[in-house]
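Structures incoming, each one as structure tokens.
Both of the next two complexes hold subunit A, though its partner changes from subunit B to subunit C.
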Partner chain A sequence: MTPIAHSRLSSGAFTLDGALLAAPSGAPDEALRAAYQALAMDYPKFHKMDRAAKLAMLVAEPVLRVARDRGADLAEGTAVLALSRSGSGSSDVEHWRVRQDTGLASPAVFVYTLPNIGVGELTIRHGIHGPSLCLMTDGPDSAESVMAARLLRKAPRVRWLVCLWSDIFAAHFEAQAVLFGPDEGLTNQADATTLFPSTP
Partner chain B sequence: METAPRAPVNDPIVLGAPGCVTPLGATLEDTFAAMHAGRCGLRPEPFPGSDAPVHVGRCDETALTGGGRRAQRLLGAAVRQTMSGLSRSLRTLPRTAWVLATTKGDVRALEEGRPEDAELPLFAMRTGVALGLPGTPIVVSNACVSGTLAVHLAAGLIRSGDVDHVLVTGFDEATDFVLSGFHCLHAIAHGPCRPFDDDRDGISLGEAAASVVLTRDPGLFRHGPLATYLGGGMGNDANHISGPSRTGEGLVRAVQGALNDAELPVDAITHVNAHGTGSVYNDGMEHIAFTRLGLGQAPVNSYKGYFGHTLGAAGLVEALVAVHALRQGVMLRSLGATRSVTLPGIDVLLEHRHTQGRTLLKTSSGFGGCNAALVLRA
Partner chain C sequence: MDAQALKQQLKAQIIEQLNLEEVKVEDIGDDQVLFGEGLGLDSIDALELIVLLERHYGIKITDPKQGQTVFRSVNTMAEFIQSHGQ
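This part shows the complex of A and B:
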């Protein structure tokens, strides 16, 4: 697999194709805020999102900027594959804590208790109307993920594909995003199991 | 899962060996019979934090089979029906994938203080072991379109030649976790939900499990195929994470994608089984989308008035019931809808209707702005 662009975000390093964009450190909220500032994003809705959605939004931003720079039609010609292990786990725990503590629940928390909501936020920010798929996987790479990526890439009108691995639970977070273009990157090898390069 | 390359063939992809557990029955046939008889599986129950009872569709505990967690017994009951409907063992069938659709999986584990056990990949792995299925499933968790999307994904895997057969399963339980969430959104209906009715006022939650196999080999099914897969599509609203699009844009795109995939004009659709949650805005969005698509000729229903919104299972269980109904020559009434004059231009089924048509459009829409559609021939 040879993606056009590859971003990574974890504690201490936020990179695009190996180049350091920021060195976010501290607790997840602090680190995610630092990554947001490093991207000079001006998107007030970001601050209302849960951590999982913020993580997905942040790691996808650099590769989607590359896509725009290359003339990608994000609205019509882009698909998104999202992979995660914990999914909405952090918001799930928070929703249940509120439920137990108060006997009620918080709408602002509950709406983030689905693993695909980060993708939804991404599609809203970038106006992506193409197909998206959210799979729960044990790690970023698997044969099934590659198969799903190939199917999305073959969908009608799709020329660009963004694949995300984003996982956050408690203090641990890690995320990667790759961009595949109209003519490049996605192997047809039947035994391929890797979407994300092992080195930037 | 074996993934050795094999040239795609042109035989149609068929669905068969359905398994189904719903609040109305322990099999697809029982569920359909209850629906045909006009029964509603939604029952009032007290809800902590609410002065009024809420109507919920719960499966009969006696319908759940096997051991393990309740979620595994619910899913297992459907999967065992599928296994018994196959002429060969799923456990030894080569080049076979398994797709599992769910929104919250075994979220009861989180309610019991073990959030790590609620992680979907871990639950899926353990469930494979518990049910004696080979490998771990591809877990689709795409809100309320998960079940519909799982069928579309399965067909894509077969078309691409990655696999020859796919077991597609879907389930979700009606838990306090989910009920309390929809309750805080003021989304729960005051009585049983009434999809597409002029006075609809919200959703009812339910639980269900469903299971089916997709393949190009109809000989795999003891009782023959249930339906033929003709096409599928997806689309995003890119509008709001928890509110339906005002234009139905994502659903229009999903349906157009499914029709193009099936190489059919819109007037080839003879019946639409819609998402139809019973919320004012969802059903209104679907009305707009179906009108934009020119689907006025195809009678529309929703099954959520029978057994509630079963979340990640909804698309799969509803598709199975809808094609089963068409094979019986009937389109079921949209239970709860008695008057639908505020949704002009679409033909909401207020009564059961006989039909010779066999081409179904199944649609689903979910939080995050996702939409999916299938075209199936019964």
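This part shows the complex of A and C:
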């Protein structure tokens, strides 16, 4: 089960198929901003997102550019699987902190206290209308991750599948994205147990 | 605080509160429409502006229709704040 494209983003390295796109360092906010600038995304709404949504958006961007270059039907023929361990934990803590500090909830923080918001932001930006699924799992290649990917791949009209693993909490963040195309059918490989290549 | 200083302060607060990282104070015109085609703010931003007025100026907006008028531009926000004795 070999994906067409594989991106990784963690402190110090942002890669696409092993090639370095950027070397974002520092605190998560600083590193995510550096990764955004490296992609030249020009998407002002990015700055309003929480860290988890930013991370998912950033790691997905390179593989979706590959998908677009290969003529993928992003609007109707693409599904998205989002996987995370910490989900919206960072924003949950931030929401609590803001309420403690000010006595008022911040709508812009509160709106991100759901783990599936990042998928929504991603599908809005890229105009993806196909099925999507958000799962909380212990790791990127859990049994349920592979099962969910197969289910999405079998959905009507779906020919392309983007799988995201993005996890951020406190100072730690890591993310991966893979793109499967029409000829890389997960459905025909019942023995497959991983979505994300161990290298690069 | 005079009107011009209040408008400058409001612009800075809007940028900070709404995380408008690519916008500078001088990019926002006093009479520029804030929502839709103007500065491009959305419904969540409208809620943040309500919180901004309450947090920084002690003014509560309870009627959503009032918000449509108050948040039309920096000018209308400043007039509203001054009319409430700030």
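What we mean here is this: the second predicted complex is superposed on the first by the 193 of 200 C-alpha atoms of A that agree within 3 Å, B and C clash if a C-alpha of one lies under 4 Å from a C-alpha of the other, contacts with A are read in each partner's own complex, and residues count from 1 in each chain.
Just so we're on the same page, contacts are C-beta pairs under 8 Å (C-beta built on N, C-alpha and C of every residue); 3 or more make two chains touch, one makes a residue touch a chain.
Fair warning: this is a prediction, and the values are worked out from it, not measured in the lab.
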Check: Where does A:Ala155 make contact in the superposed view: on subunit B (first), on subunit C (second), on both, or on neither?
Finding: first
Check: So, A:His95: does it touch subunit B (first), subunit C (second), both, or neither?
Finding: first
Item checked: Of subunit B and subunit C, the chain that contacts the larger number of subunit A residues -> B
Note to self: Contact-wise, after the overlay, does A:Lys48 reach subunit B, subunit C, both or neither (first, second, both, neither)?
What the structure shows: second
Notebook entry, point to check: Is A:Gly120 in contact with subunit B, with subunit C, with both, or with neither (first, second, both, neither)?
Noted result: first
Next item on the list: Name the contact category of A:Leu104: first (subunit B only), second (subunit C only), both, or neither.
Entry: both
Check: Which partner does A:Asp138 reach: the first (subunit B), the second (subunit C), both, or neither?
Finding: first
Notebook entry, point to check: Between subunit B and subunit C, which residues of subunit A are contacted by each of them?
Noted result: 104-107, 111
Item checked: For the subunit A and subunit B complex, residues of the former touching the latter -> 75, 85-87, 89, 92-93, 95-96, 99, 103-107, 110-111, 113-117, 119-121, 123-124, 126-138, 143-144, 147-148, 150-151, 154-156, 190-191
Checklist line | Residues of subunit C touching subunit A in the complex | finding: 17-23, 40, 44-45, 47-48, 51, 54-55
Note to self: Help me check something: in the complex, which residues belonging to subunit A touch subunit C?
What the structure shows: 44, 47-48, 102, 104-108, 111
Next item on the list: State the interface residues of subunit B toward subunit A in the complex, per the touch definition above.
Entry: 1, 3-5, 48-49, 97, 103-104, 107, 110-111, 115, 118-122, 124-125, 136, 138-143, 149, 153, 156-157, 160-162, 176-177, 180-185, 233-242, 249-250, 253, 257, 260-261, 366-370
